[in-house]
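Order as written gives the chain letters A, B, C and D; numbering starts at 1 within each chain.
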């Protein structure tokens, strides 16, 4: 009944051979999609909280993290003319940001349920990005 | 095991009362997320096809539709200081585009599996946008 | 010395005949670019103000407006396989939002200089969108 | 008469002291704005060219580069709760991509005027990103 992404199915229909394992790509794409949404909603919920002045750092990081996940999932969804260097750099930026954003959300997890949820989603994104970085390998 | 979005859970943690039913919002957000990804991947797969010159209209519409879904899901994810007019206008734009993009993808569904999948995802997005428009109601 | 966009020059190099006057498109694209940036910076400056709790509506509208300008300028920059309906709907959404965002920023113009500047940029965007809507014409 | 961004003026109205020189930030933001637009238009013009099948790599890199410039200029426009690591990683990704995209556009500069223009815009973006990276400094 749940709406589901079709990331894996559609990646598999690409006419060219895959450069990276498609299960891995699809997992990271889906985690970035969830993180784009959760960070957008968390920043918005922060804004409505009575303690908004305490949530500045959380909001700023969530806004950045949403944007970073967005561009990362777009690059991961493109398989034509793969360039390892550019994908590595973008996934590394997303990994860095989702880790820092997770840490900040976790600090507020006890008093703001949206931060607890968003922190978990950021951690999954961080882990998926890390797995993609391992698969791309080191710069030549 | 599947990665899932947390759209509904996180919308429900917002401190303010909801202006629109959160099930409906979450469904439309998830359909926009899936459509952002599917359209990005479909445009990219089109680009790698031997008949790329026949796929120009599909690519152009998929690129536009991905961007439209992106901004729409971001607006739907924000519940602070709701303004009916601006949400209506953006969801209407996404509804229009996902319908036209679906029609184009369906034309190629028999020879390109990515177009068949993308057409279905666009149709779900069109329907969710339509349901949200009904819930927002007519301009005053 | 100033960095300038090349919107007009690059639109004129497109191999197909233009559907809309390129001066008009370039003007609207440039106003959307400026508005994407000004709204992003204004929301961020709001967040750092001592009266952040009074700036909630301004922040929410600026975040939405930045995203709307972003997708609008991307659609305006694409001339291949032009579809009047989809462009009209997106430009209409951007026109609506930039007008509402301008009004909110103007309310804060006396005490926040970033709101004064952002309000002016939103007004220019609103006017450019209006001119593009006139050029596209009514739905058939 | 030309439409101009207000990046520098609006950055200077931020209530907090700047972490990075605002001239430098504004220059990089403006170069990213121009590159977002030029790459979007170049990918679109490629799509309409008779030799579209030869332009696959250019299109893919231009689409990625537009997205990367977009998220980079958004992060650069935010000065609240500055985090050096996340900005460095994102600007590094944009620097990498704009350099690779410039090189590809330059290969087509003689037969496609949009590629010549886009290549120049990418080079300016690459240089601005490099200057920002120097200002941020090395990881601790």
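Throughout what follows, a contact is a pair of C-beta atoms (placed from the backbone, for glycine too) under 8 Å apart; a residue touches a chain by one contact, two chains touch by 3 or more.
For clarity, every value in this text was computed on a predicted model and none was experimentally measured.
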| item | value |
| --- | --- |
| If a chain touches chain B and chain C alike, it appears here | A, D |
| More contacts between chains, A-D or A-C | A-D |
| Homomeric contact chain C-chain D: same or different residue positions, threshold half | same |
| Distance between chain centroids, defined by C-alpha means - chain A, chain C (Å) | 27 |
| Whole-Å separation of chain centres (CA-atom averages), chain A against chain D | 21 |
| Contacts with 2+ other chains: residues of chain A | 44, 47-48, 56, 60, 63, 70, 74, 78, 80 |
| Pairwise touch network: line, ring, star, complete, or other | complete |
| Interfacial residue positions of chain C with respect to chain B in the complex | 56-57, 60-61, 63-64, 67-68, 70-71, 74-75, 78, 80-81, 83, 85-86, 89-90, 92-93, 96-97, 100 |
| Chain C to chain A touching residues, read off their complex | 44, 47-48, 52-53, 56, 59-60, 63 |
| Sites on chain D touched by chain C in the complex | 2-7, 9-11, 13-16, 27, 29-31, 33-34, 36-38, 40-42, 44-45, 47-50, 66, 70, 73-74, 77-80, 112-114, 117-118, 121, 124 |
